[in-house]
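Please find the structures below.
Presented sequentially are two complexes of subunit A, the first with subunit B as partner and the second with subunit C.
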Partner chain A sequence: MEHEKINECVIMKDLYYSVEDNTWIRVNEDGSVTVGMTDIAQNLAGPILHAKAKSAGTDRKKGKPIATVESGKWVGPVKSPISGVITEVNEKLVGDAQLINRSPYRDGWVVKMKPESLEAELKELVTGDNAVAAYKTKIEHDNIKACTHIEGSDTYE
Partner chain B sequence: MGLNKMALDLSTNKYADVSYEEKERLFAEVKADARWNHVMYGCYECGICVAACPSARFYDFSPRVIAQAAAREDVDLVYTLMNDSVWDCSQCFSCDRCPRQNSPGQIITIMREVAVKNGLKTAKQALEGYGRIIYKIMSTGTQVSPDMLQPNAFPDWGGHVKEISDNLEVWRKALPPETLHTTETGWQITDKTIVELYLIWHMTGVMKLIEGVDEGLFMILVDVMEERLADAGYDDVSFD
Partner chain C sequence: MADHEGKKILVIQTHGVETPTRTYSPLFYAMAAAAMEMEVMVWFTMNGTNQLKKGEAEKVQLDKTSDVTLKTMLKMAMESDVKLRVCQQSLELWSMKKEDLIEGVEILGATSIIDLALSYDHTMYF
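Showing the complex of A and B:
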């Protein structure tokens, strides 16, 4: 899949991003969306110890937490990039939260959701080259250190 | 060079962009605190507090400067100290040996509270690193959890931290009291304790303080607390 690296941080071009909250969504064929944390988010958090998602059936407005992520010294919410109902939680994260560190865009997804008003909310997210440009600005502005990847991480050539 | 970076800049031009009225308002809030008249009597700069202060040995920090600025009612300097100095105090209260009965440590306690209540940027920065600890103590009632022992979080503990963290569950099960067979919390906490704790946070307005300092932390705490309180029959408790 097409991607770009900025300061060793991977940005996938086919995903939609909420740059401020460091989250992404993938629009699936059945109309559902998959939500996850970005490579930059996993890098800022450091090796993750717990990722606790809200249970399936939870109705969330955009910007509200869909999961809580804890690393050694940090804790924070994964804020939902869209409004909708959580339909599935990534059970693999229960015993292996570092899957988010190793594979933020593939196996380490956080929840799947049934979107409430996807068409309108997609317009507020960025994708493709716009996403790459937005992250370039953010990484420079926030002085974000180069992304590091723990052993066993997905590789992007 | 490294030391220069740590030096405290007491020139008032650093916060020249903040209006005198705003600085005065914050100082008035400090002085209005009920404890103020019991901790600030006036300072003749003897320096006994500095001699006893552990933070003064390691940082460019002085409890005497705090007490002096407060006693002289130097509004500009108090503002600078409220931003750049009060977080260097370890709140050990060794300075409570003042011949005039001042308590620089308690003056600092009040200044910190005002800084937090007013959401000063420097207060947010100073408290940023404590997010997970605050989350732990407020959501579980135990402050330090065994799983905080991670090589990347405590490199100063030495190489054996990795061995401990890799086998944490086994180590904890080796402890005789069953209530300590936990890794996410310091010990097992009963539902009754948790519910009472959440109600205390709710009634005392602590959550409002958190909201002003760290919105993300506030958000996840509310999420955890409202759900647990609703399960216990307190459906009407809301932190909004």
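Showing the complex of A and C:
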């Protein structure tokens, strides 16, 4: 899949991003969306120890937490980039939260959701070259250090 | 994850910069509660007050390989919407005035803490 690396941080061009909250969504063929943390987010958090998602069936407005994530040096919410209902939680994260570090855009997804008003909310997210440009600005502005990837991480060559 | 949205947690911190290993965890718990959508306040009293003196928290760094200091933790807590409050009487104990406090901290009196302790769902004492 097409991607770009900025300061060793991977941005997948087919995803939609909430740059401020460092989250992404993938629009699936059945109309559901998959939500996860970005490579930059996993890098800022460091090796993740626990990830606890809200239960399936939970109704979330955009910006409300869909999960909490904690590492040795950080704890915080994963904020939903869209409004909708959580339909599935990535159970693999219960026993292996570092899946988010190793595979933020694939196996380390956090929840799947049934969106409430996807068409309108997609316009508030960025994708493709716009996402790359937005992250370039953010990385420079926030002085984010080069992304590091723990052993077993996905490769993007 | 159980839904605790709207619950209120009061964290009382009595330890200051002279005991660095007792400074990070209460803030970490406070941020965890905030991430779980709870309303969180950290109340600094006794020695805990000195953490909030300008220029002090920057000197406390538990992990020398990391650039995270106690000041970073306080800043992250505030960014997570954790309210930081300090005891009026304890300020006097440390000869501190309002202008000595880092930005974002509010001063409350002893009766306020009793009111808060009774109105919050749970109090954690450190």
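We take it that the second predicted complex is superposed on the first by the 157 of 157 C-alpha atoms of A that agree within 3 Å, B and C clash if a C-alpha of one lies under 4 Å from a C-alpha of the other, contacts with A are read in each partner's own complex, and residues count from 1 in each chain.
The definition used in the following text is that a residue touches a chain if its C-beta (ideal position, glycine included) is under 8 Å from a C-beta of that chain, and two chains touch if they have at least 3 such contacts.
Everything quoted here is computed from the prediction, not taken from an experiment.
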Joint occupancy of subunit A by subunit B and subunit C, clash or fit: clash
First (subunit B), second (subunit C), both or neither touched by A:K61: neither
First (subunit B), second (subunit C), both or neither touched by A:P47: first
Which superposed partner A:G76 touches (first subunit B, second subunit C, both, neither): both
Against subunit C, colliding segment of subunit B, chosen among 8-16, 44-52, 170-178 or 206-214: 206-214
Subunit C-contacting residues of subunit A that also contact subunit B: 54, 64-65, 68, 70, 73-77
Subunit C-touching residues of subunit A, taken from the complex the two chains share: 52-55, 58, 64-65, 67-68, 70, 73-77
For the subunit B and subunit A complex, residues of the former touching the latter: 129, 131-132, 135, 147-148, 150, 152-154, 184, 216-217, 219-220, 223-224
Partner subunit A, residues of subunit C touching it in the complex: 1, 3, 28, 31-32, 35-37, 63, 66, 68, 76, 80
Subunit B-touching residues of subunit A, taken from the complex the two chains share: 46-47, 49-50, 54, 64-65, 68, 70-77, 79
